Amino acid sequence: MNAFSLSQLIQDELETDQFSQDVTGNLLPSAQNNVVQAFVFNKESGVFSGVSVLETFQTLFTGQVDFRWEVSEGVEISSGTQIVELTGPRNTLLALERTLLNFLGLTCGVASLTRAYLNAVKPHSVQILATRKTLPGLRALQLSAVQAGGGKIHRRSLSDGILIKENHIALESEVALLQKAHGARSPLHGIEIEVQNFDSLNNVLSSPYSPDVIMLDNFSAKDVQTAVALIRQKLPTCRIEASGGVDLQSVRALAETGIDYVSVGKLTHSAPVLNLSLDFRL
Amino acid sequence: MNAFSLSQLIQDELETDQFSQDVTGNLLPSAQNNVVQAFVFNKESGVFSGVSVLETFQTLFTGQVDFRWEVSEGVEISSGTQIVELTGPRNTLLALERTLLNFLGLTCGVASLTRAYLNAVKPHSVQILATRKTLPGLRALQLSAVQAGGGKIHRRSLSDGILIKENHIALESEVALLQKAHGARSPLHGIEIEVQNFDSLNNVLSSPYSPDVIMLDNFSAKDVQTAVALIRQKLPTCRIEASGGVDLQSVRALAETGIDYVSVGKLTHSAPVLNLSLDFRL
Amino acid sequence: MNAFSLSQLIQDELETDQFSQDVTGNLLPSAQNNVVQAFVFNKESGVFSGVSVLETFQTLFTGQVDFRWEVSEGVEISSGTQIVELTGPRNTLLALERTLLNFLGLTCGVASLTRAYLNAVKPHSVQILATRKTLPGLRALQLSAVQAGGGKIHRRSLSDGILIKENHIALESEVALLQKAHGARSPLHGIEIEVQNFDSLNNVLSSPYSPDVIMLDNFSAKDVQTAVALIRQKLPTCRIEASGGVDLQSVRALAETGIDYVSVGKLTHSAPVLNLSLDFRL
Amino acid sequence: MNAFSLSQLIQDELETDQFSQDVTGNLLPSAQNNVVQAFVFNKESGVFSGVSVLETFQTLFTGQVDFRWEVSEGVEISSGTQIVELTGPRNTLLALERTLLNFLGLTCGVASLTRAYLNAVKPHSVQILATRKTLPGLRALQLSAVQAGGGKIHRRSLSDGILIKENHIALESEVALLQKAHGARSPLHGIEIEVQNFDSLNNVLSSPYSPDVIMLDNFSAKDVQTAVALIRQKLPTCRIEASGGVDLQSVRALAETGIDYVSVGKLTHSAPVLNLSLDFRL
Amino acid sequence: MNAFSLSQLIQDELETDQFSQDVTGNLLPSAQNNVVQAFVFNKESGVFSGVSVLETFQTLFTGQVDFRWEVSEGVEISSGTQIVELTGPRNTLLALERTLLNFLGLTCGVASLTRAYLNAVKPHSVQILATRKTLPGLRALQLSAVQAGGGKIHRRSLSDGILIKENHIALESEVALLQKAHGARSPLHGIEIEVQNFDSLNNVLSSPYSPDVIMLDNFSAKDVQTAVALIRQKLPTCRIEASGGVDLQSVRALAETGIDYVSVGKLTHSAPVLNLSLDFRL
Amino acid sequence: MNAFSLSQLIQDELETDQFSQDVTGNLLPSAQNNVVQAFVFNKESGVFSGVSVLETFQTLFTGQVDFRWEVSEGVEISSGTQIVELTGPRNTLLALERTLLNFLGLTCGVASLTRAYLNAVKPHSVQILATRKTLPGLRALQLSAVQAGGGKIHRRSLSDGILIKENHIALESEVALLQKAHGARSPLHGIEIEVQNFDSLNNVLSSPYSPDVIMLDNFSAKDVQTAVALIRQKLPTCRIEASGGVDLQSVRALAETGIDYVSVGKLTHSAPVLNLSLDFRL
């Protein structure tokens, strides 16, 4: 998400929360409406992501609120870390608090969960991939948080490379689809094919048109191991991905098989937010 | 979220996913690009929400794809329920699949978690409330899903009523703020005050200007019980809310105290999606 | 209206007026296109509102035009007051003149009319309320001007509290609707009911579920007086509002009855602009 | 305002009014949520404008609400005329009522005031012109209503023709500006010059480069008469406009001078709305 | 195009190019991600237009990238001119390069072609006019570039003056349309009529209601000469325009006939871009 | 460009052209404002692209104008072909004519030029690729037209695959960049490297990390031939692209070398429109 569209999203969210109509904050006497300090901290440990969020808030509130932070993308923050310090009119800080926390809670939550997967597979070098299973309107922001956490991105969109899946194979054979993919692809598009069982895998391996990546969908760790051996023998440069309901428990066994990638939908569709709070410094 | 802004959000999301540039779907021969049927089903049980999503997809794809569904807001769907049937060109269905599932997974996930809280407090009549801790851009959609699940809404925005919180009380006394609130409120705005301990509660109860609602923040269930007795005696028409890190385990004890409301941030900031899938009918 | 959406509205309006294509201003030789001063003044006395407008113009024209003003929201300005001084390239000032005046004429016009109502009811403490009868696209800006003038806001939108009106009562009894309202309301939503005659008022007063506010619609001042007595006796904490075609002549008699609120649609649907002009200082 | 941008404005306005969150309408039992009829009528006589508004509402609510009307742009409607009949779900009609009336009240108000000016100058053939003194965001809609009322449009924007005004003349002579205007104008742009006294008028009349139109600003009716004679003698094809604080009383005397145009800012900056209401047919 | 809408267009274009997701630029080690210099130069001679583009980039990248330029609108730039110097983080420059060049290539291309037409008609004083045949979304930017090149603008839109064309004349006679035009025009709207042969021209010349401009469409240079003589004799103040497939070869003969305007669609619908490049200074 | 964003672009363009304020079309008497037929035809031969444009116009004008066409994407149209027939109110057709033609002229122009390149390389199987050198706001529409003409797309954006260019190599060696690219790439991203001379090519061929595609930039046809031999020998599966100022004359010699791709910026940055016209059928 570039700075310009993130700025629009934050402005819209401030509007949604009626940022300028804080009927409670307005109770405070204007005589006291002088500059105060507040800070955002995390009530549980995790991984920070959200520099672009902070930069955008800073730009939007230039001349009104000063945002200062030391954290950078991907650093671990133990519980109670002072993430960002805000200096500005008390009523403005009260009015933007919830919107700011809603953004940072999301980005830190995604980064923290991604890091947890990375820790779970150590010391194996498998890459943890985010998928297109993202929340509406938040794909770019979530994928950026995955990267902060140490994960990588599978595809950003349907135009980002060829991924032949079960639903395509149901309509045409693996061999036919791979051949077409080779003819149709853009110069910079890779070709990946998803297989759901060994029959399908064998079809792929027998094809004169090889994929760049093979995805083993819902294979047990043991079956992955068998498949890896088959693939490495036949297509030594082909990369291998596992997918399908992978969680923090099951990911390690997959990593141990020597595959290149594990894709994890949970990183972006079901990551809990990191618990953050804003306190005034009185 | 009214139909018009939901439509914009869905269009943006289709654009983000490069709906019109599905380089994989385009491999399928156009001769086979005839009308097929597919259906969305849930791989785990839950509660449905998303009629407005379906209606909007139907409007956007009028003349191209036919969406049919029997489910209605808030119905329970056991695992494997056929939620919606799609009839349209195969390539169009392949291209919209992920966007549709991302929306419905979100709305059903929120509704399902809300229902779980309602079930956890049965047969007590306490209301489960969603908060302003929503995901950026998704507040209206999430709150609608909370309602489908049986929950209610605390505040939609900062302009939606007066809620005096810890950060305000740190700056002025409860009594002073309640007096100002009575002078400043719009005719239709209620007044609520959050207390974090019994001292603060006693300040509130001693005020000549009473709140309409008192929120007990991070009180143990036992302290809630004590507080309820104090409040009911002094302010019999005042309604009572509990809040603060409430989960599916702790909610029941709170409900048993006879309070009116429990607010639960998790409903909207950390609800996992409901696991949905789209299959073609061949 | 927060600063971000106001900025968008002003940008759109400059576009509508083809700000960058001033074919007349472009006649002036570029050699003379140096910095000049101009000021906005009012040709009739009134009340100023529009600081947010000026701040937004200043932000939009940062580095090009300097806006300076001493006025603040709600101050009275006698005819001929220099409201704002502009310093910038002559052609830019000529091109933005009409747009700036169209905004300030609107905001000052609304504030001035509101103040006139407040003056008309002095020394009575009745509140003057703006309604949802606002001009398309301008609700937030107009309501802000009402507040500058000293008025308050009844409801910002349909979600801002429960107001049972004639059209609802035609479909269900007052008693039934009040009961439902108590069950359905959000914790911070007040309940108001509109009555059009004494029969309806008596229904309300007999209901076991009391409203927070009763609106007397199109009651004569004398009938308001009678109604106030009835209500105060039966529901001493209930607040009372009068509405319906209230003008600067009729408002005083209503105020004398001791009611809490008078709502006035004219403040926002038919306020004439304040007559402003921009002059160059040569 | 074309249908597409009007549609966006109406959608935004429904959003502002939280059309989908009518907490009062939602009290009505869904069992009764069947189709009903309602109609909009005017409580005072006037001139109708708003067909494009009705067409857009019809498009936005296709399949939900049926809008039927007999009125056409510019027809006179005596008090109590049934302007439009709505058929649809009761709750939808309740929720859109205010937004619909806010639009139609505005358009009918502008058309009615314009017609009043036309009636005031009968039987003289002078044209009544709207100016660029319009309300933010509403120029196109207001100008369309002026046309419905029988008025014409002076300029839509700064790019719509050359109008040399007092502020330009303060910087360069009339003669110099007229010469430049002839060199700079687009083929389809006319040239008008505003004069504020007879000296300035004589400068214009002595210029070798003639304007297409001369605007007499703040001239008394008598002075207009004198000026007309001067202009007609020297520049027989030049058209003549009067402007400056023209009201319903003063417009007739101006019309009698035989000028071509009178421009009236009030048509668009201060027209009161036409008083409209929506009633259910039970 | 004013600065605000140009800013939006540039932001959209950066988004389209996934400015924040430059997967190649991201290969460069962040340790080297320090500030560098680059410059844009032209690989072929032409005319510069694009100051507003540069100003907008500067505003969008304030605090990140510094843009410096000496060129001004309409100056001739020989091949290899350093047009603008950029100073900023290397990865940012790499990521914005293509978007910046796409804008400047367009504006310089249009300005250069316009200048070529002006050179072709020297020393004749005929004006070269751009038409409404512009590229979608780019009209304002293209017309501004035409002006930089020395051309003028015929009409910006359908509301910008009356131009009676062949398709109108097919439906009503020239005389009837000219009469209506005189009655209907706004005070600042000129009237032009297109004729396609001498019969039509004679109809126009015989009309009691004269046009301000006559357009000779697809007349040979010789026929233009004949027509000019006829028009000058009958309507000495009427201006004359030629149009229809005018190219750099044919324009001179038209100019020699003494007409006022030649309109050239190619300026805006088919101008090749000026070949620009960005180089790093290492 | 999906149907939703294309619809927005067309609406914006109609607004820009003041579609609803056609002051000339409005001269025609409303009594004659009945339904007529018109058709769009091409004045020169070419290749059609624009079905999505027509579909979107049809959707926008549903109920007002009927668009009928037989052409499909990519068909050749000889001069004078009736491309689309419009049936609707005369004034509406007059008002939309220019906008419709501006869109179709663009899309057909791009498709026609692309086809010309394809014809120029026959019977060689080299693919003709469009680049990111597109016009602001029009990338998706232009790329779709390239596909209609028979071309392919190199990259849609910076996130669409890794393309190491001259500016990167100036900062790090080919070998180092290729190694990093292998580590960083998403599973579906290919790796391409641009070389500008044989030294650079040899560096690439000596790298242990091979690219998927090598781009020969500004190589003569003869040098391309030499390079192809070197590459085929060393990296038999590597695909080869030529680029750099390719025109209709030079493309054939490149094709004969047996390379896979030629990329042509002119397809999208400098394609002249196809000359189209709209005529009424009287």
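For the reader, a short list of remarks on this structure follows.
Letters A, B, C, D, E and F mark the chains as written, and numbering starts fresh at 1 in each.
Keep in mind that, in the parts below, a residue touches a chain if its C-beta (ideal position, glycine included) is under 8 Å from a C-beta of that chain, and two chains touch if they have at least 3 such contacts.
What you see is a predicted model; the values in this text were computed from it and never measured.
Shared contact partners of chain C and chain D, listed by label: B, E.
The chain with its CA mean position farthest from that of chain C is F. Our note on geometry: chain B versus chain D, Cα centroid distance of 45 Å, whole angstroms. In terms of their C-alpha centroids, the spacing between chain A and chain D amounts to 52 Å. Each chain gets a centre from the mean of its Cα atoms; for chain A and chain B, those two points are 22 Å apart.
The residues of chain E that reach two or more other chains are 18-19, 21, 140, 156, 159-163, 186, 189, listed in rising order. If each chain is drawn as a node and touching chains are joined, the picture fits none of the line, ring, star or complete shapes. Here, these are the chain pairs in contact: A-B, A-C, A-E, A-F, B-C, B-D, B-F, C-D, C-E, D-E, D-F, E-F. By the touch criterion stated above, chain D contacts chain E in their complex at residues 129, 152-156, 159-163, 186-192, 212-213, 239, 241, 260-261. Within the complex, the chain E residues that touch chain C are 1-5, 140, 156. Residues 9-10, 12-13, 16-19, 21-28, 32, 90, 94-95, 97-99, 101-103, 105-106, 109, 132-141, 157-165, 167-168, 170-172, 177, 180-181, 184-186, 189, 266, 269-270, 272-273, 278-280, 282 of chain E touch chain F in their complex. Taken in their complex, chain D has these residues touching chain B: 11, 14-15, 18-21, 60.
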